[in-house]
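Each of the two complexes below includes chain A, the first together with chain B, the second together with chain C.
So, the complex of A and B:
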């Protein structure tokens, strides 16, 4: 399993369990994320990047697709635990302006 | 795709040979951004133009690093964000030669596609000063945003024989190149 979904204090946390979040796993990520939003009507999602040390444009594109879908359902996706190389990607693509980013899971949960 | 990071490793090894130590500002950051550039170039070429062959040509000319990725798959089709519904395909018609189209945009920046000839497109990033769009865009040409952010020159060529060539140039200080 590359992605683990856990419910914490009523919020769905998608934990990325691999170090490289890339095109290889984008489809699987999309399916996990869209299943939560479309089939389980989840509105509050946290994506935990704590174990990820590399993310590519395909994966981040999928993340934004998920946010668009979630926003359309009046929900939100928040980002947790960006490691420096992944944070650099969020800065380079200015996704840090699109997503709320947290270092601490409790802060992310409280922010909803 | 599983071993795609090896192309970045190969580029990093080459750069360590070609760049003189201490002559490039933030050497680690430079190497990281070159690895990312290589990764994005290669992965986008492979994903978007699935073909049977990929050739990677890497060389230095004067003070710039040149990387050309050649594939024999499907052509890159321009779908401008500023002209919804329009598709620009090879060979690019006279009516669009010299024209700019937006292929990616967010609140701060756009990626322009300039039609240089009937077989060549040039991509460049431009700051818009904010406020162009509130809409989230990404899926089509997010890779192009990264490539235009990390390099000095991005071009795409389509040949009559069916080759796609994505070609990027990254400049270095002249005194840094061995």
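So, the complex of A and C:
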């Protein structure tokens, strides 16, 4: 399993369990995310990047399409634990302006 | 006066920039810091320059050569290991037969060397150190002087309250040649820690020259970024940059075309280099430096950043408070450097001259034509071979060999992370081994040979038919299929099997023994940058008779050469013809002859 979904205080946390979140796993990530939003009607999602060394633009694109879907459902996706190389990608692609980013899981949960 | 420029540092605090660019070659306002230092020498009529090099010396040699284009004479001292600041000069002592100045190649300064020399002569000094007062000397070497500016003592990085003076050593020295007699030969030796205390001990006339010149030793990323921005903000007097001032504070190289609308979105101070492509909707907010042959796709923002040469920046990307070099992104606020393995964001951008494009086109066409006819003419032979293989041993006719274009590389430091994806190709060759051969290769490798290249004589894994196929090289003929497909050329670097590539990468290579041994690790890794092919330098020069080291060097030279020919520069003596079409044809003929003579095969 490349992605683990966990419920913490009523919020769904998607933990990315592989070091490289790239095009190779975008499709799988999409199905995990869309399953939560479409089938389980989840509104509050946290994506945990704590174990990720690098994320590419294809993967981040999937994350944005998930956010669009979630917003349409009046929900939100928040981002947790960015390692410096992943943070660099969020900055280069200007996604730091789109997502709320947290270093601490409790803060992320409280923010909803 | 002559000059010694110390350019051997590793620049480890500027990783991963310095993985590919030696620190003195890192540009400040689009010019290597070393070039600024050479210009400084020239301005003060110092034209005979010696430089010591260690990390990636080719890059420096390639740029400056003998100094002809820079109006000076440059010679080099290549160090196989670091000898320290004074030790590096001792090795080339015979060059210094008159008063000479020692400068750092990776710093920035506009010090008045003429005035310093005058001071040195007036004082009758044997050694003079340039010093500058600073507010907080705790990061530096502190120099304590008397009222006549004679040096009395030194303090290394003292606490601010313990510092006996606010004068710091700038690492710029004027020395008389006899000073070098005090440096022991063949030993690592340092000015600050060893030679200068000795001068004090011996009561040598030793003085401090006060200057208020601009000076920066460019330690880490923050310094490097800051210095670039300072220079284009005009904070460093004496620095002129090439370019036309299109509007106040916006300097653009004449070869770069910028329309009015784009110019409106450029906020000074900005310096833009040669042959830069700026697409619609690009915004540049100064202070910012854009290097040579950079391409900014539409909607890119560059804010308070330095974009180095040959960088392509993808649509809509924002570069803020950063230094970017090709795929490398270094964020100043995060103090972190990352290899961005995503060619929609950052990649290498090169402007290929027409001559090179034409040659590449001709090579490509020839590859396909020769590949097609080779397969056609060889098909009867293939049929016979296939039948023989089937009759001789159980298993398929072809063997699919996974070869690495380049292996995966993961490197990290406290402030940087680099990961390159593995790139592989599949080669079809005739099967010459029993079907369980790959499994046993590790054992055999340990048993027969320590080097990374495996060629075992009378290998028990090889079938009877296989032995004949190998001897005649018929086993490799299906490679023409890859040539026809375009996944390899007739001429290029041999793609290594996975285990050999990994071994070369991890263990590296050493040539020679003891003191004289050279570490070829950096060199051997260059091979992975070259284009793939059937025949290369070592195949053309006698097949497998060469040692592993020789092959690695041949391969690496070939890679370097591919790069440099694209850049429009030919060098490296006999290799300079490749990969021009002429060189390609020559290599084909040589390889063909070598194969016919069957030198070295089995």
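Everything that follows uses one rule, which is that the second predicted complex is superposed on the first by the 112 of 112 C-alpha atoms of A that agree within 3 Å, B and C clash if a C-alpha of one lies under 4 Å from a C-alpha of the other, contacts with A are read in each partner's own complex, and residues count from 1 in each chain.
Just so it is clear, a residue touches a chain if its C-beta (ideal position, glycine included) is under 8 Å from a C-beta of that chain, and two chains touch if they have at least 3 such contacts.
This one's a predicted model, so the numbers in the text were calculated from it and none came from an experiment.
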{"item": "Chain B versus chain C as contact partner of A:74, first or second or both or neither", "value": "neither"}
{"item": "Which of chain B and chain C A:92 touches, first, second, both or neither", "value": "both"}
{"item": "Contact breadth on chain A, by residue count: chain C or chain B", "value": "B"}
{"item": "Chain B versus chain C as contact partner of A:20, first or second or both or neither", "value": "both"}
{"item": "A:53 touches, of chain B and chain C: first, second, both or neither?", "value": "second"}
{"item": "Shared contact residues on chain A - chain B and chain C", "value": "20, 22, 54, 56-58, 85, 88-89, 92-94"}
{"item": "Chain B residues within the chain A interface of the complex", "value": "1-2, 4-5, 32, 36, 39-40, 43-44, 47, 106-109, 136, 138-139, 142-143, 145-146, 149-150"}
{"item": "Complex contacts: residues of chain A adjacent to chain C", "value": "20, 22, 53-54, 56-58, 83-85, 87-89, 91-94"}
{"item": "Chain C residues within the chain A interface of the complex", "value": "314, 316-320, 329, 331, 334, 336, 338, 340-342, 344-346, 417, 419"}
{"item": "Contact set on chain A toward chain B in their complex", "value": "20, 22-24, 54, 56-58, 60-61, 64-65, 67-68, 71, 85, 88-89, 92-94, 97-98"}
